[in-house]
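Right, one structure below, let's go through it.
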Amino acid sequence: MQPVPHQLMGYDRAITMFSPDGRLLQVEYAKKTVKQGTTAVGMICKDGVVIVADKRIIDKLMVPESIEKIYQIDEHIAVTVSGLVSDGRVLIERAQLKAQQHRVSFDGAVDIIEVVKDVSDLKQLCTQSGGLRPFGVSLMIAGIDNEGPKLYVTEPSGIYFGFKATAMGEGDSEILEVLNKEYKETMKIDEAISLAVKSLKKVLDANFNSDRVDAVYLTTEEKKFRKVDKNKIKELLK
Amino acid sequence: MQPVPHQLMGYDRAITMFSPDGRLLQVEYAKKTVKQGTTAVGMICKDGVVIVADKRIIDKLMVPESIEKIYQIDEHIAVTVSGLVSDGRVLIERAQLKAQQHRVSFDGAVDIIEVVKDVSDLKQLCTQSGGLRPFGVSLMIAGIDNEGPKLYVTEPSGIYFGFKATAMGEGDSEILEVLNKEYKETMKIDEAISLAVKSLKKVLDANFNSDRVDAVYLTTEEKKFRKVDKNKIKELLK
Amino acid sequence: MQPVPHQLMGYDRAITMFSPDGRLLQVEYAKKTVKQGTTAVGMICKDGVVIVADKRIIDKLMVPESIEKIYQIDEHIAVTVSGLVSDGRVLIERAQLKAQQHRVSFDGAVDIIEVVKDVSDLKQLCTQSGGLRPFGVSLMIAGIDNEGPKLYVTEPSGIYFGFKATAMGEGDSEILEVLNKEYKETMKIDEAISLAVKSLKKVLDANFNSDRVDAVYLTTEEKKFRKVDKNKIKELLK
Amino acid sequence: MQPVPHQLMGYDRAITMFSPDGRLLQVEYAKKTVKQGTTAVGMICKDGVVIVADKRIIDKLMVPESIEKIYQIDEHIAVTVSGLVSDGRVLIERAQLKAQQHRVSFDGAVDIIEVVKDVSDLKQLCTQSGGLRPFGVSLMIAGIDNEGPKLYVTEPSGIYFGFKATAMGEGDSEILEVLNKEYKETMKIDEAISLAVKSLKKVLDANFNSDRVDAVYLTTEEKKFRKVDKNKIKELLK
Amino acid sequence: MQPVPHQLMGYDRAITMFSPDGRLLQVEYAKKTVKQGTTAVGMICKDGVVIVADKRIIDKLMVPESIEKIYQIDEHIAVTVSGLVSDGRVLIERAQLKAQQHRVSFDGAVDIIEVVKDVSDLKQLCTQSGGLRPFGVSLMIAGIDNEGPKLYVTEPSGIYFGFKATAMGEGDSEILEVLNKEYKETMKIDEAISLAVKSLKKVLDANFNSDRVDAVYLTTEEKKFRKVDKNKIKELLK
Amino acid sequence: MQPVPHQLMGYDRAITMFSPDGRLLQVEYAKKTVKQGTTAVGMICKDGVVIVADKRIIDKLMVPESIEKIYQIDEHIAVTVSGLVSDGRVLIERAQLKAQQHRVSFDGAVDIIEVVKDVSDLKQLCTQSGGLRPFGVSLMIAGIDNEGPKLYVTEPSGIYFGFKATAMGEGDSEILEVLNKEYKETMKIDEAISLAVKSLKKVLDANFNSDRVDAVYLTTEEKKFRKVDKNKIKELLK
Amino acid sequence: MQPVPHQLMGYDRAITMFSPDGRLLQVEYAKKTVKQGTTAVGMICKDGVVIVADKRIIDKLMVPESIEKIYQIDEHIAVTVSGLVSDGRVLIERAQLKAQQHRVSFDGAVDIIEVVKDVSDLKQLCTQSGGLRPFGVSLMIAGIDNEGPKLYVTEPSGIYFGFKATAMGEGDSEILEVLNKEYKETMKIDEAISLAVKSLKKVLDANFNSDRVDAVYLTTEEKKFRKVDKNKIKELLK
């Protein structure tokens, strides 16, 4: 743990205050929670979008579905989280509700960006209002809407960015290096999953194996949340 | 008691704030309350699900029902708690109401996961909003719904997991070791109860005896909360 | 007064926070208030239930009814308190209202457990919400309902237990020792009152005398709050 | 001023918190305010009830009525205060309103105990809720209702007691000693006033004289608030 | 400035808390504000009531009316303030509204005591509720109602007293000494104004002169707010 | 910066509390903000009223209107501020709304004093209620209403005064000296502007020049907000 | 980081309080956040208005639109931010809503100043109310309305100014020097973009290149938000 410089002591204890050098320490600490969270990789491909996530915990006493890391927001949107899982669940349930309300009101699928903005607005609010702490979680949101495949990450501060390919959580910098070298926009879903799994293997510890991998893809054509088969992942890891 | 490192002093006093290394200390302390709570073991079996709990207190002046540790949420759902019993009761009453409202609105039994999510949402809220402390209790929720037998544990942070078999409270790690070795999905209810009672006996102190055990099962066929007979437990402990 | 270990300083000043070892210090301090409160003994008997309480103060200038320690919640329920009397009064008035509302809504006597739960819910709330302190009082609630005689104690944390026989307040441990040895479920009301008065005499200081005793019983048959005659107590103390 | 023991420092600054030994220090400090307040004596007599109070301040520039210490709540109820006079006024105005509302709703005089409970409930609330301090005042309430003459004192904690005779404020212990020796339930109003005035004279400082005395009585027969004539008091003090 | 004894440090910073010796320090500090405020003298006379106040500031660039110190609440009520003038204005506007509402509702002039009580209730509230500070101002309220001439002072605590003659603000004790010697209830308005002006001259500093004096009277017969002519005051000061 | 005496430390951090010597430090600090603010001079003349203000900032990249310092509240009222400009804007917008509402409700121009009182009431509130800081700004409000030309200054405390001539902001004391010597009530608008500009030139630093001056006048006859021509000011400064 | 002088310690931790020298430290810290933010330059030209902003981040894995720095408020208004991007987004969404509501209510384009004032009012509020921190962001708002081209910057304090040309964020002082020398009101849009890009190149670090530049213009004639072509910028940077 990096010690807090003496001059900053106290500024990180008051909710939503600036430190003398203009930082919001609570938001920075929340980002550390994310950095220690489980790893996820996302990529936009020629024919869709993929998310591959590490479950980290492999407990044979757990029900497998209970430790899946990639959730469905709507049939055309997938999401995974790094950081506080319970914080993430609150935001995912909010996003699911938002998507569902959109279907009821407009009889169609919500644009991905709408969901991203809604989640990010709530995150920002929690960095500015007293009596609330920032959300300690980043969300990677992927989906297909009328404009094609989309991939976003929203951070604890409420900032979000759109990516062609990205990573978050433990070891994200190392994976980003891999992606910077090897990711191509012309990749197909299969190639992207393969690259993601390999980069996770490279970065994560020795205990990493196919049981820890959760992978989801959506094709531009079908626009549907699909789980990648366990055997396929096992094969990729050989 | 493990001392708080000097660098962390103060972070654990402000409600729902992050420490500089990205931890929520109040949530971690609440987990310690759970770790010191009474022990419970749960298992999904071939023919249903069981919960076996230690009452810890054996006071011959108490009314026996008053110290039962396993409660009924609905006729198809059982629950036990580790940690602050009074906190647990608030959550159990909420779950009972939720199940009852579902019966009124939909004329059927609520899915176990619905109850689990509702309890967990409230727990998460208490880790993020000022003026509230986290719930100092874990709940083990077991039941049978249309998808078959279910077993969940929800923690003070608002995280929950589904299990085939698990333990919580005092000595949970030792019991998990036993379960990892001896639990099989093909076990029948009787075998599971026997395994649970034996693991409790192994882990808990010398004063442990059949009077301290509370055990409940639900068969997949009947879907009903059933108490295990005292004599049966006495027999198992011989 | 037991000093607070240095490591805990500060944790007991913030409302409803956990200490690093998972304790709620404000609740523990409230329990100390109870331990210093006036003593009460309760017993379920073959033919009903009794509460015997020490008034502690004997001031000949006070109006006798004004220092009675056992109150009526409804005609079939009695209650006494140990700890902050003014806190107790708030809870008793709430219980009286609850019982009265039940009579109006359901045209019948409320179950004792309903009253106990309602009081305990409010107590738990005051251990978790900011801006409120825990109630510094335990309530011993005794009564007869359709299931027969009942005896409960609810603590500052919001925990409650059902008892066959119990004690609370100053010297409760010594009285529990007596009860553990001498209490029998087959005792009749008269015998129970006699045992209670004797145990109070044994435990309390030299100034204890019949004037300090307040005693109430309810028979299973009649289900009515009845004061024990002063002369009877005087006789028992000889 | 009695110093706060080092171990208690801090506990008396947070609103409505318990100290480690189970005390509510703010309430104890409020009681000190009362102990330093003006003195009052009350007695139930054979033929009614009396209150005699010391005005302490004798300022010939003040309008005499302005420094009267005994107020009328309703025609059958009198009240005096020790402690913060402005706090007392708030409670008296509340009591006056309560009595008046009772007259409007039930077309009759309110029972004294109803007024006492209402005032005490508000006092208790101010010892438990954040953002409020305890009332720094005791009220001595005397009156005649259908059950005959009544005399109550409600303390800052919200506790109240019924008395045959009592005193409050500066020197209350010394006056209670006098009352314990000399008060008799068979006294008539005249005798009681005489005893009260003499006990005040004995206890208070050399400057005490008839001008400082405020005295009120209500006869059981008439049930009306009556001021005692100045000359009568002057005579009693000779 | 009188230093705070070490034992009291901290008690005066928390809103509306008692110090260990039963004092409300914030209220005591507010009284100091009053003691440093401008001086005012009031007297009930045989034929009415007068208020004479020092303006202290004499700035020839100010508009004279702007530094008048005696305000009209209603045509039959005058008021002056010592302490925080901006706090005083809030209370005066409240009193003016109260008087006006009375005229509308009852078609007549409000009793002086009604206005005094209303202002004092608000003052008391500000000494007991969190999030508010006490009013740092005393009000001297004089007027004529159906019971004749009245003169009241309400303090920061919410206490008020009725006076025949009194003073407040800087040097009030010295003026009270003068009044105690020289004031007579049989004085006429003219004599009272003369006594007030002379006592101000005696007590205040060398810069005191007729320009600093603001004086108002109301006759019992006319019941109307009347300013005393500047020249008259100049004459009195010779 | 004048250091805070040791005895006062802490009193200036708690919102709206009195220091032991009866001061409101937050209000005093807010006044320092005003003292460091831009300078303004106002004068009532024989034929109207004028305000002359220093813009301080002369940035040729700014749009000239953007750095004007004198604003219009209504066609007959002008205002300028010293201190926090953003605080001032909130109060000016409130005053503009008040004036506009008056036009709608009463079909006429609002009295200047109404606007002044409304602004001052809000300022006082911000010195007494928790969760708000005082406004760090003084407003100089000038206008013509049915009673003729008016000039007021309202301070951070909520105090206001009417002036014939006055100054506020940086160097106000030196300008007041000039005004005390040279201002005459018989001055015409032209002479007043000339005096104001010269006094600003005398007091402010070497960089002062005509570009920094903002000047407005209203004639008693026309009652309209009029800007003084830049060239006129340039001429006056020669 | 500039250390906080000892005398100021503590004043910057309490929300919205003044320091003894009359400063609002939280607002000053928020301004530091802005100073460290991305750089933007704006200029009013003979034929319209331009904003040129540095994106700082150039991540080939990001979707280009995702890192654009200049947003559209309405078809005739552009905005860019320096400081906390998530704070900026909240204000931009508010401005977009304001513009849209104006179109609905008045069937026309909103005046730029209306949007600027609305944003600034919210910013000021966040510097005065407890439980909120100041916005850590400056907004540069440019547009064309009926009065022609406009350019404003609103700061964290809620202050705003209109400019002919200005800069904000990292290195703003150096760019302002350039603008002071080279900006002319007679410049055409093309010349202004060229000057902006060159000044950014001069001031920002070696990694600056055309990919980091975002540029938008609106012509007085067309009144429409237009992006500057990437190639054009590349050309300008040669």
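Letters are used for the chains, namely A, B, C, D, E, F and G, taken in the order the chains are written, and counting of residues starts over at 1 for each.
We adopt the following convention: a residue touches a chain if its C-beta (ideal position, glycine included) is under 8 Å from a C-beta of that chain, and two chains touch if they have at least 3 such contacts.
On a predicted model such as this, the values are computed, not experimentally measured, just so you know.
Peer 1: Please state whether the interface between subunit C and subunit D is built from the same residues or different ones, using more than half shared residue numbers as the mark of same.
Peer 2: different
Peer 1: Roughly how far is subunit A from subunit E, centre to centre by C-alpha average, rounded to an integer in Å?
Peer 2: The mean C-alpha positions of subunit A and subunit E differ by 68 Å.
Peer 1: Rounded to a whole Å, what is the gap between the Cα centroids of subunit E and subunit F?
Peer 2: About 30 Å separates the centre of subunit E from that of subunit F.
Peer 1: Note the residues in subunit D that touch 2 or more other chains, in rising order.
Peer 2: 130-131
Peer 1: Determine the shape of the graph in which chains are vertices and touching pairs are edges (line, ring, star, complete, other).
Peer 2: ring
Peer 1: Provide the residue numbers of subunit A that touch subunit B in the complex, in ascending order.
Peer 2: Where subunit A meets subunit B, its residues are 1-4, 12-13, 15, 25-26, 29-36, 60-63, 65-67, 84-87, 89-90, 93, 126, 130-136.
Peer 1: Quick one: in the complex, what on subunit F touches subunit E?
Peer 2: 7, 10-11, 14, 16-24, 117, 120-121, 123-125, 127-131, 151-152, 157-159, 161-166, 176, 179-180, 183
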